[in-house]
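Just below sit the structures, each encoded as structure tokens.
Two complexes follow with chain A in common, the first pairing it with chain B and the second with chain C.
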Partner chain A sequence: MDILVTGILLGGTYALIAMGLNLQYGVARIMNLANGEILVAGGYFAFIAYTATQLSPILTIFLVAPLAFALNSLIYRVMLQPLVNRAKSRGQLESDSILATFGLSFIGVGLMLSFFGGDYFSYSFMAVPVEVLGNTYGANRVLSFVMAVLICGALYLWLNRSRAGLSIRAIGTTPASARLVGIDVKALSAFTFALGGAVTAVGGALISTYLTLDASTGVVFTLKALIIVIMGGVGDVRGTIVAALLLGILETLVATLLDPGLTLAAAYVMFLGILLFRPQGLFGKKPT
Partner chain B sequence: MSLTKTDIRNLILAAAALAICALLPLGDNGYWLGLGVTIAMFTTLATSWALFSGPTHYISLATAAFFGVGTYVTGLGIDALPFWSLVAIAGLIGAVLAALVGLATLRLSGVYFVIFTLGLAELVRQSITWVQNNTGQKGLYVLTDLDEAGIYWWLLGLAAAVFLTGWLIGRSRLGFALRVIGDDETVAAHSGINTARAKVLLFMLPGAVAAMTGAILAPRYVYIEPSLAFAPILSFQVVIMALLGGASRLWGPLVGVIPFTFLLEAVSSNFPNQTTLVIGIAFLVIVYLLPGGFVGLLGKILHRLNAREGA
Partner chain C sequence: MNRRPFLKLVSALTIATALAATAASAETIRIGAVAPKTGPLAGGATVTQWPSIQLWVNQVNAAGGLTVDGEKMMIELIEYDDQTNPGETIKAVQRLATQDDANFIIAPYGTGLNLAAAPLFDRYGYPQIAVSAITDQQADLAAKFSNMFFTLGTTTALAADVVKVLSGMRDAGQMGNKVAMVNVADAFGIELATAAKPLFEEAGFDIVYETSYPLGTQDLSPVIKGAAAAAPDAFVAWSYPPDTFGLTEQAMIENLDVKAFYTAVATPFPSYGTRFGAAAEGILGAGGVNPASPAFMEYAAAHEAVTGAKPDYWASATTYASLEILGQAIEAVGLDRAAVSAHLKESTFETILGPISFDENNSNAAFWTVGQWQGGVFKGVASRGRDGTVPVILKDGWE
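For the complex of A and B:
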């Protein structure tokens, strides 16, 4: 029970991070491998804001979100739009964007290393116990989970109920046809990419309240987010949430019962299972 | 197999170049030989990488994983078996491991493959660390009488074997099938090529070569531990060097290996903290300025010169 709750609490934040990546890959078609660095940058921001001005991370995210949105929007317009324009096929865009975002990821790590050094950073925010279902957990974990649920819920409603959300889902399904019904694919793709970055950065700010991060941990989160997105199905919000919770539970299970050093191995076992048995994702339909 | 005159000339030239390279340890045993080992290592890794990724366009980041496995084969077996047999065993294990990875991912789209190989080194590292923690072992000592010159000759031999294999594959049915796959996978499948089988077979080659390279280089480290043997940065360096040179030609990666090795050497001795930044910038240079690598650039220049002469 203890494992289940801890896993779900962790999975909630994972869902938020993976949601950001899913927006970027599912709609803007950019496999963003610098996603983890955006997350760590969000974490650094929350860390600095908290240690310098005692600003609560819950308020910091309202600063992190627009900043990350602006940064990702800039990245998309300057670096990724040219790749989208020159790509002759989906495959070419994929390998180009993979290489370009690898570059961004290394530059991100390099910049953060030279500004903040290679040390781990953490701060003590709301490290008081709360009782959930008979066991105690850190209040920061519970609060992060609640925030993640709120943001994921808002995104889900927005994507499924609003007109803009409908357009975005249309681009995710078939970009070529979306243009035919009068959707501005270019502008909306850029918007969705930036939104995805903002969501990930907020996830980073939240996760920094209870996990220790350092400049080069980004890639681990990128990898986990990728596994969640593939497992949940590209462009599928519901699948992402379920997959994130499953990964959170599995990781906690392995960390408590076997060894905390094996969490990535656990994620990989899950990834392998998906690749072998359901490559279209948990709720995906088989391609005809 | 029929050889044309140019084929024979190229083979003789390549053999002569190899012989000249083999003389290096006689001239210098310090700095330059060390650099020679690094270049020979990256040439072997990048060329074998490009043999798979050049025609298929699949970006493999598994080099560090195979390399690490190879160093561990030497580390574990050096007291029991002769060195050459360890290199052979490492190659075998690398090929089998690559086949397993290939079977799981290469049936699907390229993205799955990239993601899977991205974390592979970390996965194997975590597993080995876990086994070591549970058995109370920490690291491994590799003590041999193999010196730097010996390692260099071993690597040179392996590099020659990789070039020869690449040349033979280029002339074979498999090589032809792969070029069709690289151009258009749907067309390849419709013309009766078993695309998954061809890709898996070819992926075994860089897997085996990287593991053998690791096995050969193990004596250089003397002390092996997981974080050293499975350093993920190696995979990225290999990708950059191969793409910088150009993965479309057999000799392309070599053109990228030499300047980038010197660049990294200069950066890491003057600004040791900025290597990640340099690697990041190198990726962007490849994507935005040199999409075909130096080989592509050369092709463009030649094309332009020819066009001017014709006009």
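For the complex of A and C:
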């Protein structure tokens, strides 16, 4: 039971890390390698707000979200829109965007270094035990899990129930036909990219309450997000959530029952297994 | 619009600046520095390495420079970021030696990066006064690279003194002999764990829980829960910065009931003290200083005034001391690198840590090994040949 809860909590963290990238890659078709830097920037913002003004990270996320939305929208318009316009095929856009955002990740690290320095930033927020089903867990992790559930739930409902959401899913499925039924693919892609960035930055703000970050740690999160998105199936919120939870539970299971040293190996075995037997991801659709 | 006059002005200015730069560099000592500003070790280097370099250069230049052959020479610092990548460290050292014509190069940060750069320091004849390079291979390395010096101690000394401190507590009847020992599965963590295990067993300790975890593990609660289940009297983690923070927070949350709690790298960082506040009281960690010594207090004040950040309670001061040593050697024998290396081997240098000299293995034999947070300050509780150790206290809860 303890393993399951710990694993689900860790899965919540992973869902926060990967959800934004799923939106960006699934709909806007931008494989954003600067995803981790946006996450770390969100964490920085929460850290500064907390240490300077004692502003609780739960409130900070309402500032982080619009700021990150604006920033990502700017990035999309200035840097990625030209690539989208130029791309002749989906493959070309993917490889172009990988190169462009790879460069962007270095710029992100450099900017954060010059503004905040390279020191570790960590603060103590709700680092108190709470009891869940007879075992103790960090309150900050539980809180961030609850927030992850809320964010993922809201995204899922919005994507499946609202008109804008349905349009976004239509673009994710067949961008060419979406245009034929009067969906403004360009504007909605930009919107989804920015939304993905906002979700990632909010995730970063929540994660910073219990993980120690520094300007260069972004890449670690990008890699984790990449694995989860690919395992879950590109463009499907459910897939990301399930993959994140599975990964969290698996890692905790291995760490508790076998050896914490084997968690990485277990994660990659699972990744390989899914790639071998379901290359389109758990919830992904087979390419037609 | 006629742009020509403006262009002429700009080019004239450019040429003038270039000339001024050349003129200035003729009388300066060019000192190169290569260390991580990005990558996994950047967090540590930003606390420990770069600010002390900045402070030293600032202080030397404020005093008019170093006296070489009766003439004052200012220091020109050339910095490179090696991205925590040994390949980049090597390239940067090569560039400093061949393109930038550096007179001296400050040793890189981290054991691996220092070892990677050692052959180049050796080939170009630069003395390498390594600080953050803790290893048991010092004798072999010094035999191979005669210009390589070590200041911060050896792995075995670091591990042995933890065992010694814990043995002392046990023999005084303060705790039992059950130890939980974990380590990060990376070079330094593995080396420390390998060195510590036989020492604990020799000292009669019972290792009731032992495990390793990968670098960058995002949830360390299974490690702490596993340790707690074994009901140890002491918890020892040979850890790296992010997991040092993570393990401590988990131990707090789980209310890990131990009499001694030890985490390794980053425990002496000021950000560790701020993060955990009163809960840090009694936590043991790698390193230490004598924070009450006037020399350290003066250094810490200057460090904060010049760089805006506090030094850590371990390698920061040693990094600064290594630069003091370099400066004193240059003032004694001039810019001849071979003469500086020879001087390093035979002299004793006055530093903020006290006198430092190098033995036949080019190693400094007087260094700090274990420290402890006491009253918001990280104080040295064990050392090899340093004054000012304070008695160790018991870890009494996490409040």
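Going forward, the second predicted complex is superposed on the first by the 270 of 288 C-alpha atoms of A that agree within 3 Å, B and C clash if a C-alpha of one lies under 4 Å from a C-alpha of the other, contacts with A are read in each partner's own complex, and residues count from 1 in each chain.
Basically, contacts are C-beta pairs under 8 Å (C-beta built on N, C-alpha and C of every residue); 3 or more make two chains touch, one makes a residue touch a chain.
Keep in mind the model is a prediction, meaning the values are calculated, not measured.
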item: Contacts of A:Asn160 with chain B and chain C, given as first, second, both or neither; value: neither
item: Partner chain in contact with A:Leu226 - chain B first, chain C second, else both or neither; value: first
item: Touched partner set for A:Gly261, first chain B, second chain C, both or neither; value: both
item: Which superposed partner A:Leu272 touches (first chain B, second chain C, both, neither); value: first
item: Which superposed partner A:Ser95 touches (first chain B, second chain C, both, neither); value: first
item: First (chain B), second (chain C), both or neither touched by A:Tyr123; value: second
item: Partner chain in contact with A:Thr174 - chain B first, chain C second, else both or neither; value: neither
item: First, second, both or neither for A:Leu113, with chain B first and chain C second; value: both
item: Touching both chain B and chain C, residues of chain A; value: 109-110, 113, 216, 220, 259, 261, 264
item: Residue ranges of chain C touching chain A (in the complex, touch as defined); value: 36-40, 42-43, 45-47, 84, 182, 185, 211-214, 216-223, 225-226, 241-242, 245-246, 249-250, 252-255, 266, 269, 271, 275-277, 309
item: Chain B-touching residues of chain A, taken from the complex the two chains share; value: 31, 33, 79, 82-83, 91, 94-96, 98-100, 102-111, 113-114, 216, 219-220, 223, 226-227, 230, 258-259, 261-262, 264-265, 267-268, 271-272, 275-276, 279
item: Residue ranges of chain A in contact with chain C within the complex; value: 2, 6, 9-10, 13, 109-110, 113, 117-124, 127-129, 136-139, 141, 210-212, 214-217, 220, 248, 251-252, 255-256, 259-261, 263-264
item: Chain A contact footprint on chain B (complex, rising order); value: 57, 59, 104-105, 108, 110-112, 114-116, 118-119, 122-123, 126-127, 129-130, 133, 232, 236, 243, 273-284, 286-288, 291
